[in-house]
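Shared between the two complexes below is chain A, which has chain B as its partner in the first and chain C in the second.
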Partner chain A sequence: MELALIVHLLVVITIYGILAISLNLVVGATGLFNLGHAAFYGIGAYTSALLVKAGVPWLLAVLASMAMAGFVAFVIGIPTLRLVGDYLAVVTMGLGEITRAVFKNWISLTRGPMGLPGIPHASILGIEFDTAEKFLILGVVCLVIVFVVAERILYSPFGRVLKGIREDEAAVQALGKNTYRFKMGILIVGSAMAGLAGSLFAHYITFIDPSSFVMWLTFFIFLIIVLGGLGNNLGAVVVTVVFVALREGLRFVGLPLWLNPAALQQLIFGILLIVATIFVPRGLIPERKVVYE
Partner chain B sequence: MNASDAALLKVEGLTKDFGGLRAVDRCSFEVPRGSIFGLIGPNGSGKTTVFNLVTGFLEPTEGRVFFNGHDITGLRPYQIARYGIARTFQLVRTFNRMTVMENLLLGVHHQPGENLLWGALRTPHVRQHERQAIERARQLLAIVGLEHAANEYCGNLSYAEQKMVELTRALMSDPQLVMLDEPTSGINPTLVNRILDYIRHLREEQGKTFLVVEHDMRVIMNLCDRIAVLDYGQKIAEGTPAEICANAAVIDAYLGTCAP
Partner chain C sequence: MEIFVQLLVNGVIAGGTYALAAVGYSMVYGALKFINFAHGSIAMVGAYIAFVLVTIGNVPLVPAFLASMLLTASLGVMVERVAYRPLRRAPKLASLTTAIAVSFVLDATVMIVMGADIRTFSLTGLKSYQIGPIYITPVQGAIIVTSLVFMVGLYWLLTRTKLGKAIRAVADGISLAEVSGIDTNLIISAVFAIGSALAAASGALIGMDTNLQPTMGFIITVKAFAAVVLGGLGNVWGAVVGAFLIGIVENTGVWFIPPVWKDSIAYGILILVLFLRPSGIFGKKEEAQVTVL
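Entry: the complex of A and B
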């Protein structure tokens, strides 16, 4: 493999790593069944791309894309997070399809299925991240920041309440905690992180269209955190590396023509999920035990 | 509102309908400050429903609940908990994929670290509060003899130990009223006595008030100062254990003959 390809894979890993960590906060730590992660990713990508094309500096645009993704999460959370059960799953799945339909049909803004070409490269104070190598630095910095923030949240008293909500929400309420506020907080933070990943993606590839934000992506990230270990951010990153390498690597294996690589990829990941849930139900790196000496 | 009011918890005409079924029917009682108050009755008589109505897990169809003179009717469970009411559940509800210590730390109200920002920043204020909470948890664990299990996952403990953790977790917030739903069910007799001693100790030493649902008559007669008896959602009797034992309606509905 050439170096350029490896650098490209590493950039993709940083972006997917951010998606995996952020979904892990919502799903793995808190137990909220969020099936709309790709929507927040797409909202971030489009917000950032459109703003920068309109002349806004990237640094401001990325903050705006995080705010926009967080705001949509807030609006979605108002009706769903008060309810018990799987309403969030249904609504976020709907959100995923609705946002994609908006990207596709709001042609005056998004150019619909033709996509947005010529998105400027990310730049901070005049430093342009216009090559894959330079962009990798930016991606790694963002991934590290997201990882550290996620860990700080997970192992704070706030994160402790999140785990309690996952285990037994009613019991947490009986302990005097307004669980709605905690769920809303983590949904907003997780979605804003997905918005950041979306902005990185848009300004790395420099072209986005609605097909980048399909539900299959959400399932792919889900698979990563389930295999990595729900509630463990390190597991999420490790499995991201393996999966992205595997997924992209499949394209370069000399497959016979009758074998569709996309279908093969989905088949392999499906089998992996089944095997993993049977043999390593807690994931490769299970949630870390918090020990007080 | 009168803080010197003798009754800590006052339930007035509490009624709950589930569709056409009246689970609790105009139930009224007062739990005196510093007392251990028992709630008994046959299965399905509405004891747990009363618990859920008082703690906000269900909203009453009619009636009011006063705590310390505050009308707490229809408030959310977390708001009621903050007034100083802690509860346990009929079937133990510990957080099983969390350690015993984590379970207890969740019991503390108003932790500064439960703010997303301050928690993530781990400010000195947050860390100091956390140290105090851990210290308190250790003291309470030592009392119930579970200090060795502090870092054990709750799911790995025995049922009796989980019940102890649940009770201790309820005490972490230093509540005025502790509501126990069958605190001794599924626990061996030796341990039952230890739990009862602990409850008495908390009442004598710390002046805590208890509202207890229990099926074991020996437990309830030994432990409680006053007892209310429910049958088909209605209160059919209230009095001291001796009075309840002698009450013909209670014997008919529930007790059969009464063991002293």
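Entry: the complex of A and C
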């Protein structure tokens, strides 16, 4: 394989790794069924791309895109986080479609299905990340930061409450915790991280259109964290590496012409997810058990 | 004014197709307390079975329609056996995950077998009727009649037969039904069979009225869910009312806002209901609420 392709794959892995870790905080650790992760990713990408195109420095635009994704999560969380989990699932799924409808139909802002071309490369204080190699450094730095933050959250008292909510929300409430605020907090943090991933994506590829943020992406990330072990960030990263490589690898297998490669991928991953959920519910690298003396 | 009446009638027609999908959704929720995300995809498969029978098998329309309902019913039973039953005692996240995976598997399979293109039944030689200022196609007439017949039939089944009594008992409390000597596995299979057959009817009628696409299931899932939430989760008749309301609001809404947003209206209603009255029009309040603030 060519070196350029490997570098490209590594960049994709850093972006997907951030998505996997952030979804893992929300779904794996807290048990909130968020199906709109691609929407937060897309909101981050569009916010950042539009701001930088308007002349805002990238570093500020990233913060803005994280804030924007977090804000949307907050608005979505108000009606749904007080209710049983199923509502959150459908509302976030709906959010995914609504944001895509906005990207597609608010043509004066987003250029609709034509997409936004010519997004400037990311740059910090004059250093431009204009090649894949340079961008890889930026991606790895972001991934490491997100990983460390996520680990800190998981093994803090805050994270302990989150896992408690996942196991038995009523019991946590009985201990006097306001579970609504904990759920809201982690949904905002997770979505802001997805916004960061979106910004990275936009300034790496330098072109975005609504088709990059479909539900299928959320599903793909979902599969990664289920296989990696819900609640385990290391597992999420390891499986991201395997899956991105596998997905790209599938492109080079000679398929008969009538076989739609996207559909085949969807079929294989769908079956994998069913099998994994039934037979290896704790994933390949199960969540670390914390014992308090 | 005449256009408004026409839009209203269109709304009732759309509502009829949503109602057929929504009752199955609601019955499954009633029995297992989980959202069957694959329900729309099952409706899509039903539409394609009818399509294949009519266009390739040259089966007349009505027998093809009934055969598709029967075949889809067995598909629904099979899906429950393979993907949901092993997880009935697992955390809810697990069965929600497999439900999404099932919908992706079904969509991908149809995409591989039938292609991703839009298909139409091409029912030639059918003329629209004119009733006063309103135009209505025979298919749309059939939608109104079929949905009414099936609703009445379902009402009879649920309230006047032993099977219906058992289904209601399972919905009230599965363990209590089990100790009363009801074979709950059998009843749950029956619920999936009935729900899937009605979903197939919904899908096939939508397919005849408009067109078929392997991705059409997703929209059906969302519309049906919005209807179910509006009516009150688990309340079958509430779901019917909700379905017609959504169909009508959606179609008359085109009067006020651009048609590209038509599919977003259902989400709008959904989020509004969750804000104002999460238990829906007919639901009991405590069922939706988990957090007391």
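What we mean here is this: the second predicted complex is superposed on the first by the 290 of 293 C-alpha atoms of A that agree within 3 Å, B and C clash if a C-alpha of one lies under 4 Å from a C-alpha of the other, contacts with A are read in each partner's own complex, and residues count from 1 in each chain.
Here is the rule we go by: a contact is a pair of C-beta atoms (placed from the backbone, for glycine too) under 8 Å apart; a residue touches a chain by one contact, two chains touch by 3 or more.
It should be emphasised that the depicted structure is a prediction, and the values quoted were computed from it without experimental measurement.
S.K.: Touch check for A:F222: first (chain B), second (chain C), both, or neither?
M.R.: In the superposition, A:F222 contacts chain C only.
S.K.: In the overlay, work out which of chain B or chain C sits against more residues of chain A.
M.R.: C
S.K.: Could you tell me if A:I278 is touching chain B, chain C, both of them or neither one (first, second, both, neither)?
M.R.: The answer is second: A:I278 touches chain C but not chain B.
S.K.: Of the partners chain B and chain C, which touch A:V189 in the superposed model: first, second, both, neither?
M.R.: In the superposed model, A:V189 contacts chain B only, not chain C.
S.K.: One more residue to check, A:V149. First (chain B), second (chain C), both or neither?
M.R.: Only chain B is touched by A:V149; chain C is not.
S.K.: Touch test for A:T179: chain B only (first), chain C only (second), both, or neither?
M.R.: both
S.K.: Looking at the overlay, does A:I208 come into contact with chain B only (first), chain C only (second), both, or neither?
M.R.: neither
S.K.: Please work out whether A:N260 is in contact with chain B alone, chain C alone, both, or neither, and reply first, second, both or neither.
M.R.: Only chain C; A:N260 stays clear of chain B.
S.K.: Output the chain A positions appearing in both contact lists, the one against chain B and the one against chain C.
M.R.: Residues 170, 173, 178-179, which sit in both footprints.
S.K.: In the complex of these two chains, what residues of chain A are touching chain B?
M.R.: Against chain B, the touching part of chain A is residues 149, 152-153, 156-161, 163-164, 166-168, 170-179, 182, 185-186, 189, 287, 289-292.
S.K.: Would you mind writing out the residues of chain A in touch with chain C in their complex?
M.R.: 27, 31, 33, 35, 78-87, 89-91, 93-95, 97-98, 101, 104-105, 169-170, 173, 178-180, 215-216, 219, 222, 226, 230, 259-260, 262-264, 266-267, 269-271, 273-274, 277-278, 281
S.K.: For a test of understanding, state which residues of chain C touch chain A in their complex under the given definition.
M.R.: Residues 34-35, 37, 82-83, 86-87, 90-94, 96-98, 100-102, 104-105, 107-109, 111-112, 115-116, 214, 218, 222, 225, 229, 233, 258, 260-261, 263-264, 266-267, 270-271, 274-275, 278, 287-293.
S.K.: Along chain B, where are the residues that touch chain A in the complex?
M.R.: 55, 57, 76-78, 81-82, 86-87, 89, 93-99, 101-102, 105-107, 109-116, 119-122, 126, 130, 134, 150-151, 153, 169, 173
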